[in-house]
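Read the structure below first, then the notes.
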Amino acid sequence: MAKIEVENLTKIFGKKPKKALPLLEEGYSKDEILEKTGNTVGVNSVDFSVEENEIFVIMGLSGSGKSTLLRCINRLIEPTEGKIEVDGINIMELNNEELREQRKEKFGMVFQNFGLFPNRTVIDNAAFGLEIQKVDKETRRKKAREALKKVGLEGYEEQKPDQLSGGMQQRVGLARALAVDTDIMLMDEPFSALDPLIKKDMQDQLLDLHQNIAKTIIFITHDLDEALKLGDKIAIMKDGEIVQLGNQEEILTDAANDYVAEFVQDVNRSRVLTAEDIMGKPLALLYEGQGPRTALHKMNEENLTSIMVVNRENKYIGVLSIDGVKEMLDNDEKDIKPYLLDIPKASPCDTLDELFTKMTDIETPLPVLDAEGKLKGNIVKTNVIANLAAQENSAS
Amino acid sequence: MAKIEVENLTKIFGKKPKKALPLLEEGYSKDEILEKTGNTVGVNSVDFSVEENEIFVIMGLSGSGKSTLLRCINRLIEPTEGKIEVDGINIMELNNEELREQRKEKFGMVFQNFGLFPNRTVIDNAAFGLEIQKVDKETRRKKAREALKKVGLEGYEEQKPDQLSGGMQQRVGLARALAVDTDIMLMDEPFSALDPLIKKDMQDQLLDLHQNIAKTIIFITHDLDEALKLGDKIAIMKDGEIVQLGNQEEILTDAANDYVAEFVQDVNRSRVLTAEDIMGKPLALLYEGQGPRTALHKMNEENLTSIMVVNRENKYIGVLSIDGVKEMLDNDEKDIKPYLLDIPKASPCDTLDELFTKMTDIETPLPVLDAEGKLKGNIVKTNVIANLAAQENSAS
Amino acid sequence: FTPVEASADDTVNFGYVEWPGVTVKTAVASQILEDIGYETESSSYMQQVLFQGMRTGDVDAFLGTWLPTMEVNYREYYEDGVVEEVVTNLEQVLYATAVPEYVYEAGVTSMADLNEHADKFDHTIYGLEPGNDGNIIIQDAIDDGIYDLDDWTMMESSTAGMLAEVERATSQEEWIAFNGWEPHWMNLAYDIKYLDDPENIWGEDDKVLTVVRSGYGDEQPEVYRFLEQFVIDQDIQNEWIYEYGHEDRDPEDVAQEWIGNNMDLVLEFLDGVESADGQPATEVIQEVYN
Amino acid sequence: MTELLSTRIPLGDWVSNFVDYLVANFSGPLNAFSDFIAFLIENFEGALAVLPPAVFIIILALIALKLRGKELAAFVVLGLGLVANLGLWSELIITLASILTSVLVALSIGIPVGILKAHNKVVHFITRPILDFMQTIPPFVYLIPALMFFGLGNVPGVVATVVFAIAPPIRLTYLGIKQVPDELKEAGRAFGSSPLQMLLKVELPGALPSIMMGINQCIMLSLSMVVIAAMIGAGGLGEPVLRSLTTVDVGLGFEAGLGVVIIAIILDRLFRSEEE
Amino acid sequence: MTELLSTRIPLGDWVSNFVDYLVANFSGPLNAFSDFIAFLIENFEGALAVLPPAVFIIILALIALKLRGKELAAFVVLGLGLVANLGLWSELIITLASILTSVLVALSIGIPVGILKAHNKVVHFITRPILDFMQTIPPFVYLIPALMFFGLGNVPGVVATVVFAIAPPIRLTYLGIKQVPDELKEAGRAFGSSPLQMLLKVELPGALPSIMMGINQCIMLSLSMVVIAAMIGAGGLGEPVLRSLTTVDVGLGFEAGLGVVIIAIILDRLFRSEEE
C-alpha cells in the first residue's frame, strides 16, 4: 500500500469555488476561469501516490500549484474536492482533533516563506514542533540544538530570526522540521535560499536521513539537478495539473509533452543530451578475423542489417552491412576488410545536432568511439530523431 | 571613473559595533567576535568597484554578508565604517534629504524577502517606486502594467500579494524595481524562487535591459550558472569578506583559495573541467610528408621538445620528439612514420582525472582528438596538475 | 423588595452629600457619638445614591435633607416608607435667585427687575443640575412668563459648574443671576444678594431635615434620641461652613474644636441620651473634653 | 530634615495660584481657542438641526446604506427613530454636534501626535506619562478652573472630552506604526520615500487596523463623557440622564443612555469598516 | 399607524419594571457575585493597609527596581511619598485596592472574551454592539438600580468600573490576534498545535503588544472611574475630588487627582515593559 495516495484533488481559491468546478470540468483553462469567475485554480484533479520511503519531487512553473498541493496533503488548505489517504487513513474525513494528531505524528513541514516566529529565539523556533508534541524542555532543547547543528547554525541559538540572513532563516525552518522526526516531510523549496555548498550538504544529509531513518518526503524544487539527485519520482506541474510523473529517466528522455520537454531541457545547458546519454550497447559485434558466415549468423540471430567490427582490444574497425556479407558469400571471400563501410564516427560528447548531421546519409547505427578509437556504444537514428524532435518542439 | 566605488566597507551588527572593530582588525574571526562581544560581523573591509553598465555578481555562503553589503550601498543599513561612492558622490556623507534623492534617482532594488505591501494590489505594488517619484497615476499604472507583463503576471494586477504563489510574489518585487527605470539595480537573489523556464526568461530580459538601456546591476545569486551567464565580474564572499573577485574565467580556473575552488567546483557536477576546457592550441604542427628538417625548424622556432603530426585533414598521426628528429637526421631518414611515438590520446570530454592518468608516463603534451581522430588541441601536464591540485585542496 | 441586609453591627452609618454645611454637621454629630462610645462611619454620596442607600440599609442617617429642594428625589423614598423624618435640624434656610452685590447696587433688587437688564444677564439664569427643584421653579416661571422672563433660559449644569460660573463672573464684575442658597460658603466667598420675590415663586418654608431609614429608632433609640435633639441655627452653620469651606480645614478638626467650645449646646443635644455602655452621655462627654 | 519631610507640601495652593495667574494673563488666546471650538460646534449643530428628524434619518440611512450596507441603514432608521419617538431628538442633535466636534479635534490632534510619537523617542517618552495623566486626572479637577476660561456650556465640555478621549488615537496610532514590519519600511526607504510618503504610503496603511481601533475608542470615550459634559452645561443627552438622577427616574435615564449608545454604534460603524 | 408612530414608546417604564423584576428574583446569585468582589477588595485593602506607608513605598520601589529599573523605582518613591505627604495615604490605599480588583476582574474576563471574539464570528458580531453599549451607557443609568443588588460602597464601584473598562482588553486582544500573520498561524497548525497551544504559543505572543495596550487602557479607564465610584460611596481618592468640587477648591482636587495619576503611571509601568 502506498504511503500517500492522492486522488482527483482539486483546490480552487476564491469566494465560490464550487461554482468554478463545473467550468474546470468543461475544460476551461485556469486563465479563463480567473477571468470569468475571479476564482484561481490552485490544483486541478491531481492523482498520484507516494510509496513508503520514497522522495517524491514536484517541479513546475511558478504559480503552477506546487505549494497549494503540498498544503492540501495535510489540509493546511482545505481541498475543494478529492481524496487524500495517508497510511490508509482518509485525511479528508478526519475531524479537527484527529487531523491535529495526524499532523503532529506524521508530518514535518518546511515552508517556502519559512514561517518563523519572530518573537522566539532560533533554538525555540527549532524546538517548536517538539514543544507542540509536549516533549520536555531539556530533551527538546537538546534535539533542537542537534538539528541546528545539522543545518550549520551552531552559535546562533539565542538570536532572533530577524538577526539572521535569508538562508540562515531558511535553515532554521529546516531544523524545525528535522527536529520533530516524523515519517513524512513536506518540504516546499527548502534549499532555495542556500548557496551551493550548504545546499549540497543539506541534500546529502537529506539522502542520509531518508536512507537511515526511512522517511517519506515530498519535496518541491526548481532545481532540476536537485530533483534528479533526490527524486525517486518526479512530478511536473502546470496550471494546477500534473503533466508528467515518472522517474528521472522517464522525465529526462520521454517528455510527455512540449512543456515538460522544454522544462527539462532548458533547465541546464550542460544537460543537453550527448551521444553518451542516448547511445546503446551494440546487440552484436563481429571480431577482427571472423568471417562472413559468423557475421550472418550473428546478424540473423539479432535481426540486424549491419554489424560493427572491432579488434580484440575493442578498437573500432568498421561496419559490415548485410549487403557486404551477401557479396562476400557470393564471391566466397574470407577477408572482410575490403567490404567494410567507412561511415562517420561519433565522440561521446557529441550533441544531438552533431549526431544528426553525421547520421543523415547512413543506414547503419553510428559508432561512438573514445579518443583511443575504442567502441563505446552505438546510436540508432530513430533515437536521435526522437530526442531532437522533442527539443525542437519545445523551443518553438 | 567607476560607477560604484566601495572602499574598506565594514558593517558590524550589535549593540556596540565600534568596540568590535579593533578585534576585527586584530584578525579575530567572525565566530570569535560573536562569542566574545555578541556582535555579528556582517561585512568586513570590502573593496570593489563596479563600472558603468556592468553586471556585478556576488556569491557566497549563506550568511556571508551579501545582503548586508547590498544594503550598505544605498545605506539601507548604515555601514560601521568605509566609503561608498556612486557616480563620484560620496554616499556616506549625504544628509537624509540628499540620500533620499539619490535612492529615488539611482537605485532600484529587489529584496530577498520580497518586501511587498500586503494592503496594495499587485499593480499598486509594482507602481510603488513611481508613486514615490510622483509620476502621475495614469503613467505609473501604464508602466507598472508593462513591468508586470514583462514578468509574466498579466491578469493578476488586481489581486493582493497573499493571493500569489512565492515565485509570483518575487516577480512582483521584480516588476516594482523594473518599473522605476533607474541607473543602478540592486538585486538580492531576485530569481531564487523561480522555476527554470521563467528564470531563464528573466535572465534574458535582464541581459537585454542591461544592453539596451545601459544599467549597472549588482546581483546576488546562489546559482553559479546564473552568475556565469550574467556576471561581468563575480565576487565571492566568505564571512563578510570578498575572498575572490574576477571575471568568469578567473573565478572558474584560478581559484584564489580552497574556499573559492570548492565553491565553484562543487557547484555543478557538469561543470567539472574536461579536456575541452583546459586544452590549448598546439604551437606548431608537422604535416604528413614533411621531413625532419622542417620539424627541427618548427620546433626550434617555438622552443618545443616534441611536435604533433597530422595529415592535411588535420587527422592526428602521431607525435615526434626531438630525440626522434635527431635520430632521423643522424640516419638521414626522410619517412617520419617509424619514428613517431605512440602516446595515449584524450577525448574532448575526458575529465581531469582521466587526463592525469593518461599523462603520467609521457613527456609530450597530450593530443585531444575528436571521434574522427582529428586533432582538436593539446594539453600540457602542468595545466592538468594545477587544476587538479586546486580541486583536491578544495575537497579536503 | 428584598433589601440588602443592614450591617449587623451597631455602627452608626451616616451618609452625607458633599455640601460644606452637611459635611461639617455630619462630622460634628459623629464626633459627639464617638465621644460617647458609639462607632460611626460617614460616607459621602450623591443624594440620589444616598436615599437608595437607606433602602439597601447601607445608610442609617442623613442630616441634610433640604426641602423642598430635594423634594422630587426624596418623595419617592418617603412615600415608599424607606425614610423616616426625625427633626428639622435647621430652619430659615433660603433658596432663591441671587446676584452679586454690584448688580444689586446697580438696581437689580427684585426678580421683577431682571428683564430690564436682560441683555446684561445674557437672558440667562444659572441653576444647578437638571431636575433640581430650583431649576424647575425658574423654568416654570420662564414658561409662564412670570417677571417677563419668557425669552430667558435656565442654564442647567451642576452645583460646581454654577459656582464656577459665579466665580468667573464676579471676578470680572460681569452680571449674573443664579440660584443661591443659604447657608452655604458662597455667601461668605462672594458678595451676593438675594432678590425679592414678589410673586413668591420660590415659596417660603425651606428647611433642612434629619432623616433616618425607617425603623432605625427601634434599633438605636439612644442615637435616635440624640438626632432628635441635634438642632442648630444659621450662625453655627455659617461658622462651620466658613471654617471648612473657606479656611480649608478638616471637618473633623472643625467639629472637635466646635464641640470643645460649645459644650453647653452639646449637653443639650445629649440630654437624656445614654452612652454606648449605658452611662449618661452628658457626663461621658464632659470627661472627654476636660 | 524630618520636619521638611513631614511638612505638608502646599501643592494645592501652588496650583490654585497658578490657575489664578493663568486666568489673569491668558484669557486672550484661550478665548480665541474657545471661539474656534464654539464655532465648530455651532456649525455642526446648525447643519444637523436644520433638517426635520425624518429627513435627517433618511439621509443618514442612505449614507449608511451606501457606505456600510443595509444592516446599518436599518439600524439608523430604527435607532434614531426610537430616539425621536422618545422625544429626545433635540438633545440628540446637541450631543451629536459636540461629539463630532470632540472626535474631530481629538483625531486631528491625536493621530498626528501618535505619528510623531512613533518617530521620535523624546516625544514618545514625554507623551507617555502625559497621556496617562490626561486619561486619569478626573475631569472635574481641571474643569472647574477651565470654566474660568470658557464659561459654562459646550466648549469646556468639548475640551474635557478631548482631553479624555485623545489618548487612544495617539497610542494606537503609535502602536500601529510601530508594528509595521521592518521589511516594508525598508522597501519604502529603498525607493527614496520622503518621510511624508513613508507615512502615507507605508506606515499609515499598515497601521490602519490599529488606528481604526483608536478611532473607535476615541468615539466611545467621547460618548462616555456626555454626562460630565452636561454637568458643565453642555446640554444634550447627558441632561436627561442627570435629570433622571435627580428625580430617581430609572426609565428616563435609560432612555437617554440608550440614545448615547445608539449614537455610539452608528458613529462607530460609519467610521470603521465591517471588520474591526 | 401614524398614531402608533407618534405614540411615545414607554421604553423607560418597561426598563423600570424589568429592573424591579430582576431585583425581586435574582438577588441570590448577584449577592454571591457581590460577595466575591467584596472579598477581593477587602483582601487587597487588608494586604495593602497593614504596612506603614514608608515600608509599603520601599517594598514597591524594590519591586519596581527589579522589574523595570531605577527610573520607576525613583518615581514610586517620589510619587507615593508625595501622596503620603499630602495626607491622602488612606484614600490612596482604598483606591488602589478597588482599582486592582477592577483591573483583575476586567482582564480575567476581557482577555478570554477577546480571544473568543477573535476565533468565533458569532461572538465577534454579538460583542461589538455590547461593548459599545457598555462603554457609552452612562454608569448612573444602571448604577442606581444596581445598588439594589450590590448595596452602596465599593462593590458597585468595581462593577461600574469593570463595565466601562472591559472593552479595551477585549477589543485589543481581538485586534492583536487578528493581526498575527497567517503564515505563523499556518506554521502552528502544520505542527499539529491544539487550539490551546496555538493560542499560547502563536497567537498570544504575536498579539502581545496589542494586549499590552489593552491592559494600559483598562488601567486608565478604571482610574478614570474613581470619581464616579466615589459618588456611590466607594471612597478613595475620588472623595477628595468630589469634596473639592463642592467647595470649588482647585488645589485639593488637583492633589487628589494627582494621586490618581500617580497610581496610573505606576500600575501602567509595572504591568507593561519599557517599550509600549
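Lettered A, B, C, D and E in written order, each chain numbered from 1.
Rule of thumb we're sticking to: a residue touches a chain if its C-beta (ideal position, glycine included) is under 8 Å from a C-beta of that chain, and two chains touch if they have at least 3 such contacts.
Just so it is clear, the structure is predicted and the values come from calculations on it, not from any experiment.
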Check: Which neighbours do chain C and chain D have in common?
Finding: E
Check: Using each chain's Cα centroid, which is most distant from the centroid of chain A?
Finding: C
Margin query: For this structure, which two chains share the highest number of contact pairs?
Written below: D-E
Check: Which whole number of Å gives the spacing of the CA centres of chain D and chain E?
Finding: 20
Item checked: Centre-of-Cα separation between chain E and chain B, whole angstrom -> 64
Checklist line | Inter-centroid spacing, chain C versus chain A (mean Cα positions, whole Å) | finding: 95
Note to self: By the touch rule stated above, which residues of chain C touch at least two different other chains?
What the structure shows: 46, 48, 52, 160, 164, 167
Notebook entry, point to check: Tell me, which residues of chain E touch at least two other chains?
Noted result: 144, 242, 245, 248-249, 252
Check: At which residue positions does chain A touch at least two other chains?
Finding: 113
Next item on the list: If two chains touch, include that pair; go through all of them.
Entry: A-B, A-E, B-D, C-D, C-E, D-E
Notebook entry, point to check: Hey, which residues of chain A end up touching chain B in the complex?
Noted result: 13, 31, 34-35, 40, 59-68, 112-113, 155, 163-168, 170-171, 188-189, 192-200, 222-225, 262-263, 266-271, 274, 276, 344-350, 368-373
Check: In the complex formed with chain E, which residues of chain A make contact?
Finding: 71, 74, 76, 100-105, 107-109, 111, 113, 115-117, 119-120, 128-129, 131-133, 176, 180, 186
Next item on the list: Provide the residue numbers of chain E that touch chain C in the complex, in ascending order.
Entry: 23-24, 27, 31, 143-144, 147-153, 230-233, 235, 239, 242-243, 245-249, 252
Margin query: For the complex, give me every residue of chain C touching chain E.
Written below: 1-4, 15, 18-20, 23, 43-46, 48-49, 52-53, 55-59, 159-160, 163-164, 167, 185, 244-245, 248
Next item on the list: Would you mind writing out the residues of chain D in touch with chain E in their complex?
Entry: 5-16, 19, 82, 85-87, 124, 128-129, 132-133, 135-138, 140-142, 144-145, 164, 167-168, 171-172, 174-175, 178-179, 209-210, 213, 216-217, 220-221, 223-224, 226-227, 238, 241-242, 244-245, 248-258, 260-261, 263-265, 268, 276
